[in-house]
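In the two complexes that follow, chain A is the common piece, with chain B as its partner first and chain C second.
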Partner chain A sequence: MSLVSDRSQIVLLGILALLCIAISLAAPQFYTGANVIAILRQCALVLIVATGMTMLLVAAEVDLSVGASLAFTGCVGMDVTNRTGSLVLGTLAALAFAGGVGLFNGLVVTRLKVNSLIATIATMMMLQGGVYLYTREAVQNLHQIRAFTELGAGYVGGLPIPVLIAALIFIAGFVALRFTTFGRYLYAVGANGKAARLSGLRAERLKLVAFLATGLLVGVAGLILASLMNAGQPTAGRGFELTVIAAVILGGTSLSGGRGTLVGTLLGVLVLKVIDNGIIILRWNQDLQMVVPGVVIILATWLDLVRRRRDAR
Partner chain B sequence: MPADPALRPAAEAAAAPALEMRGIGKRFPGVIALEDVDLVLAPGKVHALMGENGAGKSTLIKIMAGVYGKDAGSIRIGGRETELRTPRDALAQGLKVVFQEIALIGEFTVAENIFLEQYPVGRAGSIDWKRIRGEAAALFARIGFDVDPAAKTGDLPISQQQMVEIARALAHEARIVVMDEPTSSLTPSEVALLFAVIRRLTALGIAVVYVSHKLDEVFEIADEVTVLRDGRHISTKPIGAHDHDSLIHDMIGRRIENLFPRSRGHHKGEVVLSVSNLSTDAKLKDVAFEARAGEVLGFFGLMGAGRTELAKAIVGFDPIRTGTIAIGGRPLKPHDTRTGVSLGIGLLSEDRKGEGLMLELPVQQNMSLAALENFSRAGFVEEGRERSAVQSFVDRFRVKTPSLAQPIKNLSGGNQQKVLIARWLMRGLKVIVVDEPTRGIDVGAKSEIFALLDRLAGEGLAVVMMTSEMPELLGLSDRILVMAGGRITAGFERDAATQEKILNAAIG
Partner chain C sequence: MPQSVSSLAAAPAGPSLLRRLARRNEIALLLSLLAVIAFFALASDTFLTTRNLTNVLGQAALPLVAGIGVAIVFISGEVDVSIGSLVAAIAIPLITIMNATESFALGVAGALALGLAVGVVNGYLAAYLGINSLIVTLGTLFILRGGVYLYTGQRAIPDDVMLESFFQLGNGRLFGVVPHPAVIAVILLIAFAYFLRHRPFGRQLYAVGGNPEVARLAGYNVRRVKFVAFVISALLATIAGILLASRLGSAVHVAGLGFEFQVVAAVVLGGVSLSGGVGSLAGMALGVLILQFVSNGLGMLNIATEWQLVITGGIIIAAVAFDELKRRRA
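Our next item is the complex of A and B:
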């Protein structure tokens, strides 16, 4: 069945393989264990949020507020933990905040029928401004709870904890999209909302769930980011939403809904982060970290179009 | 199996053909779309191009339009050998194709659309709007078409947009005009207007290619008819050499004994759908009727009578203002398809692409959509059970598809429709509402769809059929209700219904 990875991932796999070979020829340290772990750690945050974003795009919606929400969530989580001295309460507050943002986006889109591109840009603006009303500067780690630091920097069985969390979320998301009625309905709603509604599906509720899930995943990512930076940074997460969406689209998920896989998204994240890593270890100008992915996205999308045109008919 | 050379048109000795296509071949990966096809058009004649879906008509006209390149054969226009590489090429050679999907810019005025490719330019390179409007008006006068050149194109009904497309052909001094299923969304009076325009075109010496499924229209307007089947040229004859049966025979390669098979008697069960006092803001006014298990209840109406609005209201898709709808005695919550489906009413929409199919998704996902809960446990889809259920419907309905994983967009209209009917049967319904069930479906598949609907009624479903096709209405319905202006204006038992009575009630 075409919902899993199939031949559609060939282009991306090829690009990934080429990148790995090229970078390792130029810089042999690419394949060291430490560097591989570093790449995976870089992937984790993006993959966590991209899992939710894939669901949204499959349902023909999008959320541009994830970057702004990511920063705000980190501030909220750190602040509440500081005030209460309880990591549990801090975590719950962060998840409640980010989940609330997701729910808000979902309600605006499904109830008020505002286009999700517009609605979530508006949310992004509110959050970017709102975070400065909440705190003028970075919320420092005053509680020094060890488990909080572990969240970003710790290891279990040789793997960084963020990577393990991302892997669990990815697997859960993959199972949900691929094997459950919920996943199948998301594809249906994205592919043809009217047909889905005529078939008795609750299209609006499904979309709401996808928005909420994306929000909660932003909460998880926000906590990890705050742990890594050992602070809640209001300026963190600028441009994060574009990296996430770029990875999802690179993975072959259609902006018009109904098509896409999480395996593709995983490959998309890997490609972007291997490029980042390559630029760093080759000591290229860091500004190329934005330029090269831009070129790759156009290239990959075009190659995929060529491939599909050949497959059609 | 090469086409019989004896069936090919004899070389026209008199006037040079407007267009001469010989030995046209076109392959797509894995498919031979056209093989050794001939088409010769005489100036000033209407040439019908017929065949089932998948016969190669669309490929052929796309080659004429310069959308596809041909792989083999030659094209002569006005006796001169030529190549049509792009749509611009075709237009420059005087060949204009009016596709089913209108290719006009809705936000522009009618006049702007007509001169889109070649705005007349005044001094200093500015566009001469006054001249554009004047020339557009002159063109309309030539084809006897009354519309304001300054009107916004998107505001016009489809029928008038079609006329704008035809006027565009004239603006390009087209000598050949191809019309692809031009009447598929026209009312009878609009069809009459279109035919008048076609006659004017032929009087100007323009060759017209008329692509249609509708036999009656072809017999009325065409001078000659070419039939394609499976990408091959089957016959080209003057229309006088054909009757209905021979034309159908050429198209499908066999005779259809009875287009409207009836397998059941007049047994009717209990009332399963009752609608009373139904009004909507948009259209419907005080509609009331009942449908019984085991019957086909046909609704007839001209365009704008309110059939589609009624269909969408009674399945809970559209909101209503007043009235009640009950399925099997239990009230349906208006504007809520979920309770509708769970009570057992479902709609087969007239708009297959817009409201039925998930084009990019496989046959399997398309068919099981409404019934997926039956194949799931604790929220997980049991794909084995799903697949075998889908497979059994594919076999039972003889859906032609290479596999269940095939994206449904690659199936013919008839096979798509079978999948959508199966979507509902899998779910299990008491009432199926079918809106224009054979729109855009070719003759062979039509009779299969009719047989299917008939069998559903025989199995105890109430089939509520909305149609604008008189033969379909009379052939399939047990009872007929006629709508006009959002109301039910008349009702007939099958035996008492005649075309005249129905039309009278429909005109209201």
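Our next item is the complex of A and C:
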């Protein structure tokens, strides 16, 4: 099976190629090594969380709290590391916190049967309020542990560490969704929850795992973000949830569940971040970074729809 | 399902009126609202004053007006999250036209024209081209906010002419008591509640949201009904945006950030289902009022706004979970 088995991904690949060609014609510095690495680093944070979000959307659920959780996790990670002087404890605290948020979302959705859109809006509100109760200002890096700075800014073999982490997570997610029963069941649950349940799948358990995985991935991304900013910023991550969801949807994952791939998500992330980068390189007004992705997600979804209708005929 | 069939058959003599009332979502919401009010009335001396109660109504007016539109879109089986940016965007033609022409009416016309255009675009893309409405309106949410930032250079546009009529719209009080926005919200609520209940469009809306296939077979124009729902939603958000601009006295580029989440939460709390065909404007209004009274009451008790967010989030989860539990048992 080829990687781009779903033909909606060919549309995306085409858009991505066009973008790269157009931007590099207008601004030759687009293809410099430094810029490519900058784009990849930008992609890393979104891709890490988008991997979890893809699983959730495949299971016909969604998590809007990831942006608020991202900021809170960064603060927790930084604060605990400051207090204990131990990066291990800080990392564990951040992962435990973000995983806890994911677990909470999962339990509310699967046990209390609250619609995940509403449940995670509520969690988002609680986290936004909670982070200011926790800290009014940015939690500064008082520990100056080298490994912590390396997490965001370091390189291994010429590649930024965040990119390597994102790549590992992406591969793990790809294998889980594509080659394990967990992945296959997730598609089944998302496509038709009732049928999946009647055939003996533990739909709620699978969804809970997807929420927990998304939470933990937010924890990883939150630590990287805190490292990159050298502080835990309570205001960070605003609108991050929309970027992640836009990337996943752009990648061809259906909001109604049961359809979507991580390769599509990767392409979606790349398209959005290449656009972001192009706007900066071409010295366009940076406020266009909101307008252009808005146009692109509508356009890409429409193109996909047209293509699918033609195929159906 | 057997439960609902038997209760239908027994309807004339059926369970007592009280029983039937108790089963209605709106009654549970009304009781919750009264409980919230009673709690804060006991906890704070300043809560149960005319001044404060009317203030809350004035504040609730914006989510109420926008909530009517969002509820209508939800009932039609679609979603509209673009309103948060729309309330900021329409303030630009409103204020710039008023500054240029010194005419309140022309300013409002400009705002409504932009609102109408956004509604038509949302509706066309979602209803006629069939693109998922969450994606469409997420897209327009981005585009409009980015457009506002681009146009304003991330600065507020001040109202230079300060027309009395424009000021009064958001800040005046009817008989010196009820804030004008609250009056407008109540009039719109009653008008649209009548519209949904007693006009063919209302029936079509519920039919289309409940089961589009059946609605189509019954001869309803599913696409047009959904299209109209988006246009109504955008126009109502425009009115909310005009009221907000009057209160702020300028076109503020960050106005309405997160407003879409606030309204969606209140609408769902009010029992309007995300999957379409279910819910009422009365329920929506109660949902808005409950959240508004809670945040006002917590403010009265000098509880930090951060806690208000945390508590509101908790209430939303608890209310929706409780509703789901009740439905499963019924």
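One rule holds for everything that comes next: the second predicted complex is superposed on the first by the 307 of 313 C-alpha atoms of A that agree within 3 Å, B and C clash if a C-alpha of one lies under 4 Å from a C-alpha of the other, contacts with A are read in each partner's own complex, and residues count from 1 in each chain.
FYI, a residue touches a chain if its C-beta (ideal position, glycine included) is under 8 Å from a C-beta of that chain, and two chains touch if they have at least 3 such contacts.
In this text the structure is predicted, and so the values were computed from the model without any measurement.
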item	value
First, second, both or neither for A:I118, with chain B first and chain C second	second
Chain A residues touched - chain C or chain B, whichever exceeds	C
First, second, both or neither for A:L262, with chain B first and chain C second	neither
First (chain B), second (chain C), both or neither touched by A:A196	first
Partner chain in contact with A:V11 - chain B first, chain C second, else both or neither	neither
First, second, both or neither for A:I48, with chain B first and chain C second	neither
First (chain B), second (chain C), both or neither touched by A:G129	second
Chain A positions touched by chain B in one structure and by chain C in the second	none
In the complex with chain A, residue positions of chain B that touch it	28-31, 315, 317, 337-338, 340-342, 346-347, 349, 354-362, 364-365, 369-370, 372-373, 376, 379-381, 383, 405, 407, 410, 423, 427
Footprint of chain C on chain A - complex, ascending	64, 108, 112-115, 117-119, 121-126, 128-130, 132-133, 242, 245-246, 249, 255, 285, 287-295, 297-298, 301-302, 305
Contact footprint of chain A on chain C as seen in their complex	125, 129-132, 134-136, 138-143, 145-147, 149-150, 154, 261, 264-265, 268, 274, 304-310, 312-314, 316-317, 320-321, 324-325, 328
Interface residues, chain A side, partner chain B - complex	1-2, 179-182, 184-185, 187-188, 191-192, 194-202, 254, 258-259, 310, 313
